[in-house]
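In the two complexes that follow, subunit A is the common piece, with subunit B as its partner first and subunit C second.
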Partner chain A sequence: MAMRDTIIEMMTNIAQQQRKPLAPLQDDLNLLSSGLDSLCIAILVAELDEEFGIDPLSSTDDHNLPVTVGDFIRLYENAMQ
Partner chain B sequence: MRNIVVTGASRGIGLGVARKLSASGFHVIAIARTSGAELEAATAEANTNGIGQISFYEQDLSRIDMLSETAHALRKRFGLIYGIINNAGLGTSGLLCNMPETEIECLTQLNIVSPLVLTKHLLRSMLVARSGRIVNISSIVAITGYQGISAYSATKAAMLGFTRSLAREVGSLGITVNAVLPGFVDTEMTLDLDEAARRKITNRNALRRPTMIDDVASMVDYLVSDHAQGITGTAMVVDAGTTA
Partner chain C sequence: MIPVVFENCFGWFHPPLSDRSGGTAVLLCPGVSQDFSNGYRPFRLLAEHLAEAGYPTLRFDYPGTGDSADPESNNLWEVWQQSISRAATWLRGQTRADKLLLIGLRIGGTLAAVASERLEDIAGLILIEPCQTGRSYVSQLTTEARLRGAQQPEAELEVGELYLTSACIHDMRKVELANLALPLSLPVAIFSRVPEEKLRIRLAAWCKRSINFTYEDLGGLEAMLRPNHHYGEPELDATRLLIWLHCNIPPSAPSHASLPLPKPEAFILLNCIETSLSFGSFWRLNGILSRPRINKYPGFSVLICNSGGNPRHGFARFGVECARSLAEAGIASLRFDFAGLGDSIHYSDRTDLQTDPFTEDRTNDISEALDTLEALGFTRFALHGLCSGAYHALRGACTQKRIVQLISVNLPWFSLQPEKPGPGSSAQNCLRTLIRRDIASLFLFGQQDAGLKQLERHFGADGRFLPDSPVIELCVLPELDHELTVGWMRRQVAERIINFVRTHQTSTWLSKTEGEPRYGHA
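On to the complex of A and B.
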């Protein structure tokens, strides 16, 4: 499965389990407006590390979260290359 | 077999906890700077009994810069980590007015910063599994005064704040976070107490006996078990009635 699809699927599942209403996941959607809270993002990052063995957020010096869903997906797509 | 990390498991309370948890069927990952004959004997015993297991992992936990790597190495070598018992600690005593700043720093580094950072990294496994157990070994001196250990007491009280707020952060995932507050226990940490002081503490205990390592280990064993899935954010006093 492509990285993009994996991330979208994980986001959807996590939102469901954590009972968070999820906005339609488009690239320009602000992550913070997606419905996922910071714990959901932490779970997502942990699951992606588990699945692909990468954690691009911890290896950047800039600890700011990517702003949009698209930024987040690109960060992981680039880290896989 | 569930993996559970016990820090400072080479002797004293941590060793007792490692023994108990392996007898309950956990795979205990025992962390300390050196292993030693007692831990080796406990490891052999666990392997013979065949219920649980103990593996030693050498790490100086005051090396905060190494802890992320440590967590990754543990995950790689042993698989997902179910829980962590933050037990390793320094018990430096002395009047605050005479205590060198470097000693205060060493105390806070090992007793506060290290468990926070290690837990942060090991939580990853628990987030993925949507379950887990964190037990922080505090002390009754977090809630009652004892002269000559103000710096140490401050570090133990820090564990209570950590426990309660982390319990709220991760509770929705079924991860429990609790503190255990032992009374005075006879270990290497308390060697500098003389016989008279020991007797005085024991005589003040409601049960007229000292707190044993096994008392503390039994509480930890309960908190990490499935029986304790409804208990989080608590501070469990295990002190033979010192504070009763």
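On to the complex of A and C.
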């Protein structure tokens, strides 16, 4: 499964588990307006780490944290290359 | 269940229904942070099921979490591992169990697996959605802290009640479930949402070493991971876990004469003595009385309510930190769980029912807690709550004649029903009642808190239309978040609370506070 699809699937599952209503996941959607709160995104990062063994966020400084869903996906796609 | 204390840890022992000793005992290893709070009540229910099935069971809080003491060492990972060893020793000594079974949730599962490498007599291991690597859990905590915007110490991590030093982070990151050298014959079950095929790939190293494990999906255990303020969803169903247990590690026949049950012990801390209390009709409510070593306000006690669906420890353990700060200032308190939350049981025939943290009427619970404190010699009471706890405290202060102070932090609303501001609104009625009854009331908010908007809706910007009374005080603190997720926020709020309590212990009402921005009436 492509990284994009994996991330979207994980986001959907986490939103369901944490009982958060999820907005339609489009690339320009602000990550924190997606319905996922900071805990949900943190869980997502941990699950991606368990799945792929990478955490590109850890080497991103605070000013360059991904803002949109698209930024987040690209960060992981680039890290996998 | 019996409250127990060992080596700076607070816990609950659930003896089996039959009078027995020996056989297999169960040690529950909770998660930490949000996993601890979400799993707290389901762990109590699981412990009850296990005890009913014949397994003496101990659940406990790691040092620096829940009702346990703060750790002496600053490497929490090391401290938590040691505490599992100590809990195992206590449980063996208490039950004379021949074998121990460890059940762990999330990072508690990882800790239980690490402990299984070292401890003797481990008869089995049940991991519920374990963190497969310490690194991924550190990533989770780090991301959460960063997204909350809290400034982090260099190479260290502060998130909620946890402060992870660089040594702790280093140790945690090294741990990988797949690399643990579990005893080959150890029965292991993993209950997880991760599909079986994927999990077996991740734990392929176990298969190479002939460590077999049973895979089960989460089944009825989802309640352990669900946000604890969710109400009306299926309760814990431990049937499949118990079946696996019976098949693999049955509760063996007692091999020793029965032992006396442990006696509830007081928890002796540096500045206070804490005692677990069961009270109310049929002793269904539970709480922790925190008595200062030097009581500067005899007869006075603060009653601390739950925040949201969290157990009495509160958001980021503020309930415990607040109680111990109050004790240090010479003030007694009781932090307790409302019926159907944490360790308290619902007033119905079904002991496993959860209650709605927001809409359930808590008047009766508060009244019974006050009765208990009165029976212990207290005569004057403050009611304190954060978030939903602030709402219930406000209602309690308006209905209970014994309350002399109200301490509300980040009150989300004055009424559960949407209502227009005006003279007949609940907000106006509540404040009129507080003033009429001379209840010194502190309304403390973070500057960005949604609750402050509610207050301003009823009483104008900056609370300029709050009733002109010396008993009503509004305090707004900048940079405070709703759940007090950083240590300095909790310390600042605790300090405000202590100052407020002290000020209003005198007969003259003084509502002026110094320093931080403050609105309302002096």
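To be clear about the criterion, the second predicted complex is superposed on the first by the 77 of 81 C-alpha atoms of A that agree within 3 Å, B and C clash if a C-alpha of one lies under 4 Å from a C-alpha of the other, contacts with A are read in each partner's own complex, and residues count from 1 in each chain.
In this text, a residue touches a chain if its C-beta (ideal position, glycine included) is under 8 Å from a C-beta of that chain, and two chains touch if they have at least 3 such contacts.
Just so you know, these numbers come straight off a predicted model, no measurement behind them.
Colleague: Could you tell me if A:Q18 is touching subunit B, subunit C, both of them or neither one (first, second, both, neither)?
Modeller: It touches subunit B and subunit C both.
Colleague: So in the superposed three-chain picture, is A:L57 touching just subunit B, just subunit C, both, or none of them (first/second/both/neither)?
Modeller: In the superposition, A:L57 touches subunit C alone.
Colleague: Tell me which partner A:I43 touches in the superposition: subunit B (first), subunit C (second), both or neither.
Modeller: It touches subunit B and subunit C both.
Colleague: Could you figure out whether subunit B or subunit C reaches more residues of subunit A?
Modeller: After superposition, C is the partner touching more of subunit A.
Colleague: Once chain A of both complexes is superposed, is A:E77 in touch with subunit B (first), subunit C (second), both, or neither?
Modeller: Neither partner.
Colleague: Please identify the positions on subunit A that touch both subunit B and subunit C, taking each partner from its own complex.
Modeller: Overlap of subunit B and subunit C footprints on subunit A: residues 17-18, 39, 42-43, 46-47, 49-50, 58.
Colleague: Of all residues in subunit C, which touch subunit A in the complex?
Modeller: The contact residues of subunit C facing subunit A are 34, 131-133, 135-137, 139-144, 146-148, 193-194, 198, 202, 222, 225-227, 230.
Colleague: Which part of subunit A faces subunit C closely enough to touch in the complex?
Modeller: 13, 17-19, 32, 38-39, 41-43, 45-47, 49-51, 55, 57-58, 62, 65
Colleague: Contact residues on subunit B for subunit A in the complex?
Modeller: Answer in residue numbers: 68, 123-125, 127-128, 130, 169-170, 172-173.
Colleague: Over in the complex, which subunit A residues touch subunit B? Could you list them?
Modeller: Per the stated touch rule, the residues are 17-18, 39, 42-43, 46-47, 49-50, 58.
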